[in-house]
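See the structures that follow.
In what follows, chain A forms one complex with chain B and a second complex with chain C.
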Partner chain A sequence: MSTDSSKLNRIRRSLGLETQNEWPSVVRERLGTYALLSVYLVVIWFPIYYIFITSLKPTSEVLSLPITFFPQNPTVGNYVDIFVNRPFESYTLNSVMVATTTTVICVTLGTLTGYSFSRHDFFGNKTLLLSIVGARMIPPIALIVPFFQIMANPPLIGGLTGSLYDTRLALIFTYTFFNLPFAVWIMKNYFDGVPESLDEQARIDGCSRWEAFFKIILPMAKPGIAATAILAFIFSWNEFVFALVLTSSEAAQTLPIAVSLFVADDFVDWAHLAAGGMIAALPGILFGLFFQQYIVSGLTQGAVKE
Partner chain B sequence: MSTEKQTLRRILDRLFVPLTVGPTLLWIAAIIVYPTAKLLISSFQFRNPVTNEMEFVGLRNFRRLVLAREGGSATFGVFSPEFVAVTKNTVVYVGCSVTISFLLGLGIALLLNKDLKGRGWFRTAVIVPWILPYVMSGLMWRWMFQADFGAINGLLQQLGVISGNVPFLSDGGLAMIALIIADVWVFTPFIIIILLAGLQNVPEQLYDAAEVDGAGRWSRFWNVTYPFLKPSILVALTIRIIFDIRALDLVWVMTGGGPGKATEVWASWLYRTAQVFNSPGPGAALGVVLLAVTFAIVAILYKVFGESPYEA
Partner chain C sequence: MSKVELTELVKRFDDVTAVDGISLEIPDESFTVLVGPSGCGKTTTLRLVAGLERATDGEIHIGDELVNDKRAYERDIAMVFQNYALYPHKTVRGNMRFGLEQHNTPEDVITDRVQEAAELLQIEELLNRRPSELSGGQQQRVALGRAIVRDPAVFLMDEPLSNLDAKLRVKMRAELNKLHDELSTTTVYVTHDQVEAMTLADQIAVMDDGEIQQVGAPTNVYMNPRNMFVAGFLGSPSMNFLEGTLEESSTGKFELELGGDTHDVPDEFVDPLTPYLDDRVVLGIRPENIALNKDGVPANVHPATVNVVEPQGEKTILELSLDTGQNIKAAVDPDTVVERGDSVNLRFDRDSLQYFDPETGESLTHDSKPEQKVTPT
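And then the complex of A and B:
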């Protein structure tokens, strides 16, 4: 009996329960936390909900009062319209091609270079790494003028390609500019976390440096590669400023540009803009929901580790 | 194994670093160093309207944009009124949105760092705004703030806060506030991600020790959390500020710098300038200014925050 009551008291104390009628402070705090987070989530998700239901409303309902927060006659008509009346299949294809190619280039070069920076001391490696990282600080928008000049009249390869203005190639070149330094940096930090003894063991077992890298280390770096690839893809997919400067037709314009084209000087076609916006946002939402841990680890590898 | 094969292996091994680092360096030289050099050169040039040749004009591009033009009016001593106005807008925009999103992000990060059921789910839901295309987010907020059919006007009227439609985006002050709200919405998740990662570094025992010592909530944060969080705070603030200074997307699709010049910031001014003149010079000059400001801000932030005492 006495042991029972002391046990009970211990549990009560551990719950922060002072008297029997009081809510345990731990529980109260937890409920408060849930309440705050829920309010926050409702507020930040409301605009996404609103643009989503706008995309399901016919224009007549979008432009009528009072505003409806549940669509009266939900329809996918806007989504059909933008593929029928506007070249959204071209925009989507451009976005997919540009983002995918940029990602492949950045991940390939970033992985190889990041590994060398992580493992080898070579001439000026500290300075080189520092300047690669420093390149991330250059504001891309500061370079719109030279990038326009270069793409309109490319040096060295200009004789072969002619002007690269309004081509996907121009966007791919440009997007590697802010993604490649980032990729090198994330992968370098990732390889730093892979024990060097693994390389040494492989070398003792008779592997060449290349074999040790491709057979032993690379398979271990898969999570780092996934994080780099997802971030490079998202950054390229979402990019707007260079696409605005370097493209002018459906030959190369990407989805962010396509969405902005619904804005005319005196009229905005909100219903169709919302549908286009949802398509442009889809990869981001999917990546965010399913690969959140890669995005977080990539960002923290890339940003926090100094 | 034949000796030729072994020699080949040895040569390939010798070439490991050049072959893995070389292509990246060449690529970076082509795509970063060359354009940056071209930017610096262009900023001192102007296209001669008669011969259509690029001519060296010294500091004229800087003078006509940033500094008071010869014989023109000047504010703050040497700077042109336009530069001062745009700089003011940029400082208000960046200052308010960084401060608000930092405090909000810190609060949410502290909540999410608690041992909660469904924490992963909350984190996922919190991050999404940052991953969406900025253009989509900007247009989404423009639609939210729209004067006749926007959700914010609708909500405020249904709640009885306002009686008539408020044209948020055609009033200078309100447009800036709308822009800041959109910016905070987009970038707070970034702060949360970085600070949450930093909070993982705080040793749990220190909290227990502080609790035993009877430290209050505030004292625990200041004496235990903050010193460990400082490097993350520095990174979050640095990236947040320099990315906000360069950000064109939101401003361009929400207000286009208007009404009038009420929300014109450096990025939109640069873009407009690069388009208006039939010469790359002036836009390049503003690019150089932006570059210099960015590096100066990073230097100042690192000077002010310095190194964390806990970093060995």
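And then the complex of A and C:
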């Protein structure tokens, strides 16, 4: 089929019959694939597009019919409003602090723990790994009451008093609890794919075990680290239910909660909600675009023996 | 340069004994090959010398120094791994420099050594590439280069050629030989490939079941194996074993009764075999020491039928069944005209016979032949 059409093209060209605006043959042969992917792209991007245009419309236009797919009077007023009339800088800061701290903790502990599980065959190794990963299999919502109680009345250490309710620390603890098992698991699998002879070669070359890890193994683990980081970051950035239960003010509330606050009993402030939504979505999208090249290799490393 | 000495070395992993009390002297500047089937403990032995495993018992000396409690990098060794273990994120130069940098070698020395080793191995133009951009053979050279720049007392090599294709393997084997001639660094080399072992070694140590079965110059071990394991392991196709009862004939000669066929024992073996009279004995004969005798000179031939003919170029391997029912392999000249189903007479080269105790597998004739001294080349 493809040879036939290319032959046909050659004949056409030699006869001077070539049409100028013909599609490349790749596109023509895979027209179905392209069509399907285009539909899919529209489906997944439309909500984001819709939020984006809504965030640029004044409230009057948002509520008027028929719906306009291009803002008639585009304005950045909504964005200004949410920072002026609402403490969006606090929400954003909370989100950034909580998500990055959680990510740093998960990557650091996950990398070290994963490496230990991968390299050391200590007693109880498998059971311990299974129980760490298994803890994550419990639906988070089932743990919401214990988490609330622990954060509201944390076990007292050394006579310290105080509640972690409505603090960033509560969210960081919680998100680390949920993400660390994944981090350990991903990193363990990743290190399993790095031949142990590299550690050994490093030791022969004059490294201690720590040096071998930092100088040789860690630089090779960047894709695994990136995958772990992006999963932990996006989970923490997007998490809603625990943030809703464990926080109550701008001291700790994150962007997803802030956005939901535009929904009142009898009125939804769509325009400002959309602007808040854009603010909330942007870092995740950028972070994802930047790290996506690592995700697949990080997650699939070790799946195939070379 | 140093000799390496292993004394009563034991390594246990939980309840598995990988190395079971081996003693071995690896002379200075020698190329010693540990050879054996997989799981025989040869790699564990090498890793014990490297310091990657801790000995359960016994002593390891490198030079005159007891190194049991020394870390790998304090032992002045360099190792080449089967998978080369090149650092993928470093260039070839970075790989070769790393060990020297870790030992705080002055910059000008590092540069010189890397340059020298690269010239020696003809990898100068690869110095700025990363391992993933190299072919298997080139990676192998880099791994060797990384060992050479360290200028260690001992090279340890763990099946370094087994990831190469057959042709390249032969080539690198020759280069390893040449390299050892030039550098004269004491080398301990592990392989399961008996051809590699035979061609490279000054001294060969055949291992099985965590124990050293025999140590010696390769030809000597090949010609004069201590037991059936060594006899069967070295050589391809491997030695034929025929079991029979040792009897004394009416003329006072010894004969091995093979179940319908008899084999006359040469006179020089009468003494060592006397205790086994009327007992079971295994005759060992290598395929290349069996000749076809189609015309059928009556004395000392063994009638057989050809089952399979495998021409291999420089020789032809025949699989035959003796009339006694035992199967046997013979390596004959490629121009031998023979077909499946042919009846032939086999003649065993009487200078190449071995006799073994079927119970213990020990050679009964081993001590009657002189031991060759190992001299490093």
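Here is the rule we go by: the second predicted complex is superposed on the first by the 259 of 306 C-alpha atoms of A that agree within 3 Å, B and C clash if a C-alpha of one lies under 4 Å from a C-alpha of the other, contacts with A are read in each partner's own complex, and residues count from 1 in each chain.
In this section, a contact is a pair of C-beta atoms (placed from the backbone, for glycine too) under 8 Å apart; a residue touches a chain by one contact, two chains touch by 3 or more.
Keep in mind the model is a prediction, meaning the values are calculated, not measured.
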Check your understanding: Here chain A is shared; do chain B and chain C fit on it together or clash?
Key -> fit
Check your understanding: Of the partners chain B and chain C, which touch A:220 in the superposed model: first, second, both, neither?
Key -> second
Exercise for review: Considering only touches as defined above, state whether A:84 meets chain B (first), chain C (second), both or neither.
Suggested key: neither
Check your understanding: Does chain B (first) or chain C (second) touch A:139, or do both, or does neither?
Key -> first
Review point. Should A:197 be classified as contacting the first partner (chain B), the second (chain C), both, or neither?
Key: second
Point to revise | Partner chain in contact with A:180 - chain B first, chain C second, else both or neither | key: first
**Study point:** chain B versus chain C, judged by how many residues of chain A each one touches
**Key:** B
Exercise for review: Applying the touch criterion given at the start, work out whether A:205 contacts chain B, chain C, both or neither, answering first, second, both or neither.
Suggested key: second
Review point. Which of the two partners, first being chain B and second being chain C, lies in contact with A:67: first, second, both, or neither?
Key: first
Exercise for review: Check the residue A:128 against both partner chains and state whether it touches chain B (first), chain C (second), both, or neither.
Suggested key: first
Revision key, fill the gap. Distance floor for C-alpha atoms, chain B against chain C, superposed on A, in Å, equals 9
Check your understanding: In the superposed arrangement, what residues of chain A touch both chain B and chain C?
Key -> none
**Study point:** Residue numbers on chain B that touch chain A, as the complex places them
**Key:** 9, 12-13, 16-17, 19-21, 23-25, 27-28, 31-32, 34-36, 38-39, 42, 108, 111-112, 114, 116, 120, 122-129, 131-136, 139-144, 146, 148-151, 153-154, 158, 185, 188, 190, 193-194, 196-198, 231-232, 235-236, 239, 242, 245-246, 248-249, 252-253, 267, 270-271, 274, 280, 283-284, 286-288, 290-291, 294-295, 298
Check your understanding: Quick one: in the complex, what on chain C touches chain A?
Key -> 50-52, 71-73, 77-79, 81-83, 85, 87-89, 98-99, 102-103, 150
Review point. In their shared complex, at which residues does chain A touch chain C?
Key: 195, 197-198, 200-207, 211, 216, 219-220
**Study point:** Residue ranges of chain A in contact with chain B within the complex
**Key:** 30, 33-34, 36-37, 40-41, 44-48, 50-51, 54, 62-67, 69, 109-110, 112-113, 115-117, 120, 122, 128, 132, 135, 137-150, 155, 173-174, 176-177, 180-181, 184, 208-210, 213, 234, 237-238, 240-241, 244-245, 255-257, 259-260, 262-263, 268, 270, 273-274, 277, 280-281, 284-285, 287-289, 292, 295-296, 299-300, 303-304, 306
